[in-house]
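Naming follows writing order (A, B and C), and every chain is counted from residue 1.
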Amino acid sequence: MKTMREADDAVQVEGVGKYFGGEPNIVKALDNVSVNIRRNEFFTLLGPSGCGKTTLLRLIAGFESPTFGNILLDDQDITHLPPFRRSVNTVFQNYALFPHLTVAENISFGLEMLNKPKDEIDQTVNEMLALVHMEELKDRRTDQISGGQQQRVALARALAPKPDVLLLDEPLSALDYKLRRGMQIELKRLQLETGITFIFVTHDQEEALTMSDRIAVMSNGHILQVGSPDEIYYKPTKRFVADFIGESNFIEAKIGKIDKRKKEATIRFEDKKKSFTVRLPENKMNDKKTAVFIRPEHTRLKTTTKGAAMTGKLTDRIFFGTDTNYHLLLENGEPFIVRSQNTIHSSFNPAIGDKLGIFLEEDALQVLED
Amino acid sequence: MPALALLIFAAAGPLIIVLIYSFLTAGSYGGVVWEFATEAWFRVLFTRDIFDDTVSLSDAHLSIFWRSVQLSFLTTLICLLVGFPTAYYIATRPPATRNMWLFFITIPFWTNLLIRTFAILELIRNKGVINNSLIGMGIISEPIKMLYTDLAILIGMTYVYLPLMVLPIYASMERFDFRFVEAGFDLYATRFRVLRKIILPIIKPGIIAGSILVFVPSLGAYVTPRILGGGKRMMIGNLIELQFGQGKNWPLGAALAVTMLFIVMIALIIYVRIIQKLEDKNA
Amino acid sequence: MPDWLTFNKSFSVTYQFGFKQIALICFFALYAPILLLVFYSFNAGSNLMLWEGFSLRWYIQASENQLVQEAAIRSVIIAISASFISTLLATMAALGTTRTQPFKGQQFIFILINQPLMVPEIVTAVALLIFFAIIKNFTNYFGLGYLIVAHAAFCIPFAYLPIKARLDGMNLSLETAASDLYARPFMVFRRVTLPLLWPGIMAGAMLAFVISLDDVIITEFVKTPGQDTLPTYMLGQLRRAITPEINAISSILLAISLLVVTVFFLFTRKKY
């Protein structure tokens, strides 16, 4: 399946599949995956372990060949090119720094392999060292520097040959929280400065949301949705995506009047009177009921149940500093979470077991395809 | 890849040749005459009386086989009883000293077999260190005859092959997580029980490896029985050598070599079975 | 809490009754005979067990003995050549059997490589003897070549083990990274694999060297009369007259082995 190519696509993945093993134990790490990654963008592959994101990265890098499908770089078919012929460099999860070389030698490695003249190599190495703030440590052996420093060397090493695309395989997963936050900002800055297309792999949704221009959410060898962080968060098209990013509520609603022309329907919950209008996807036009999705921060709790969309019994309160999550049990037995920002003067202080009214923002309600 | 081809040639070739040779006739000056015969195999087990042509089991050969198996087995056993605590001890030393101990146990392994056997010879001769000291201290008046006996060979082989038992067991012990033992103690096991039921089963592979590394070479030992047993007490290795030297019966030598391989394989299978059964009983 | 309930010795999880004693006795027993041997090599008298004063006479005698000299030179030549060849082959074998997809017969290849280790040495000796005898019939070559080849074949598994161990311990991602950074396969090998593998190769070479130097049985079988190496010379001597000269030669051999083992240990210490 070929997707429309736009003028500024850096990498195109077309109908790629990667299978391991044979019948009957075939493992489909990637199953018919297609995506276009634009030039100069910070693109993230996001998903849980085993979803195929690292496999896809490795295919783009050239460490493995797809079972079927094509990969194009700047319009050139690189599907079967070995890694040393692709203008693509990788920052490995475990850094893979050469232990027998110093920091400077690691950084210059790629340039030496490309037979660049010595002055150019020296100059670039110094530039890179400055870029990642590692000038003083340039002659140290790589097993004598800290994890955070190793990570920066790995980055410099991959950037030195000035590739078209930089691949990053969960590079921050080994760092502690503070270091991680710092590096996230660094990486974003680097990408903007160098203008290189970054393809970033992570399972941390917060990381993906803060750093990316666009995100591809993956699961089980498929790409479920591609979009900007806003789109992914506020307009998930699949249940998995909604669930994986942020917190979500899924509740059963009865469908009333359907307007096929406007592609809308009225819904209500739990035999309550309050009704809402939502967009209805094609495949649900003839349904009587459906699951509806809304994020906890788009709901509100009140002690009164008059005019509420639903009622629920409070089962738990979890304090997050800035917000509080209220866990409730609906009348039909389903769970529901309401998230409110904490204010200093709040008279709202329900006790566990209280019956409360749940109020929803109509625009935040969504019916998903699945 | 070409290296592998070379290796296959180097490794399998000789074995096949040995097998072929065992089916040939002995030449009169050593070497072979290329005539097919099963004479050699026959001679492995039987002798023909030169006078009246009766066939009987070759006592000489059989006793040699038996001695070899017996001695090898005993050697393995003693090595196990001594080697296991030693490996255990080394493995439970703090990491700083552990390397030192390892270094010391490895050195004898790299010392020439001949030298080590010779050292034992010096010890147990009639005029050797042990006898001289004992006589000097007045404990005995006549030297104890230790050299040129089966005991001498046993002592020699144990001495020579002991490091080979220690090293694999050490390797297993080093990987052993003593938290299993802590769990055992926590559940009221005694030290001995912990040893038997927790430690031994887990390091079983090391024990098997060590035993094989001792049993197989000791079965084929040649130098040690030669020096410590004199000409009279032969093991299979000596018997084989004889055929290629004075005996001038290459096919017989080849046949004996194959037989020995055979015995080794059977012994290994039996050994592994015994270990399995012991473990099933304990489980 | 009553006094007798408090422990004054900390509980050791690893303690087992008698093990320490056995281990120490074991070490003592292993070293005593050898040390005695070395001790008596400095004996001035010719009676092996009667100490007659310190003297280097046996060492001098050994070094002036022409047979010893020849045997020593032969031993060293064979050991160096065999170690070189077997290390080379073992390196190729190790590279060929690691990191590749498991292929059919891989177990078989592994056994083939390590075959000298699994089979009593005398069987290998017999096989090599017969093999070379056939060749000797066709060519009339009677030189050291056979011994070198025999030793090389027999030393390969010894060289193979430390090399393979080192290779197994190497992180595959390093070579992947090199490839990612535009290094062609040969360059990857030269700039990444080989430097990292080098300590293992050295260790393998040392091991092969010592094994070859020490070998008795195979050399004894394969050699043509008169082609003695140091160990076979000693074996011959042991059959006839035993003088402390043997102690002296043994001590020297011991010293060489010790030296090589120490170097080996230094090479196999994990740095990275």
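The working rule: contacts are C-beta pairs under 8 Å (C-beta built on N, C-alpha and C of every residue); 3 or more make two chains touch, one makes a residue touch a chain.
No experiment lies behind these values; they were computed from the predicted model shown.
S.K.: Going by the touch rule set out above, what shape does the chain contact graph take here: line, ring, star, complete or other?
M.R.: line
S.K.: Whose C-alpha centre lies nearest the centre of all protein C-alpha atoms?
M.R.: Chain nearest the overall C-alpha centroid, as shown: C.
S.K.: Sort the chain pairs by how many C-beta pairs are in contact and tell me the top one.
M.R.: B-C
S.K.: Express in whole angstrom the distance between the two chain centres, defined as the mean CA positions of subunit A and subunit C.
M.R.: 56
S.K.: Approximately how many whole Å separate the CA-defined centres of subunit A and subunit B?
M.R.: From the centre of subunit A to the centre of subunit B is 63 Å.
S.K.: Report, in whole Å, the distance between the mean C-alpha point of subunit B and the mean C-alpha point of subunit C.
M.R.: Roughly 18 Å separates the two chain centres.
S.K.: If I count partner chains per residue in subunit A, which residues reach a count of at least 2?
M.R.: Correct list: empty.
S.K.: What part of subunit C is in contact with subunit B in the complex they form?
M.R.: Listed in rising order, the residues of subunit C that touch subunit B are 13-20, 22-27, 29-31, 33-34, 36-37, 40, 48-49, 89, 92-93, 96, 109, 112-113, 115-116, 118-124, 126-131, 133-134, 153, 156, 210, 213-214, 216-217, 221, 231, 234-235, 238, 246, 250, 253-254, 257-258, 260-262, 265, 269.
S.K.: Show which residues of subunit B lie in contact with subunit C when the two form their complex.
M.R.: 1-4, 6-8, 10-15, 17-18, 21, 31, 82-83, 85-86, 88-90, 92, 99, 103-108, 110-116, 118-123, 127-129, 132, 159, 162-163, 166, 178, 181-182, 185, 191-192, 195, 216-217, 219-223, 227, 237, 240-241, 244, 250, 253-254, 257, 260-261, 264
S.K.: Quick one: which bits of subunit A touch subunit C in the complex? Just the residue numbers, please.
M.R.: So the residues of subunit A touching subunit C come out as 61-63, 82-85, 88-90, 92, 94, 96, 98-100, 109-110, 113-114, 143, 157-158, 161.
S.K.: In their complex, what parts of subunit C are in touch with subunit A?
M.R.: On the subunit C side, the touching residues are 171, 173-174, 176-184, 187, 191-192, 195-196, 272.
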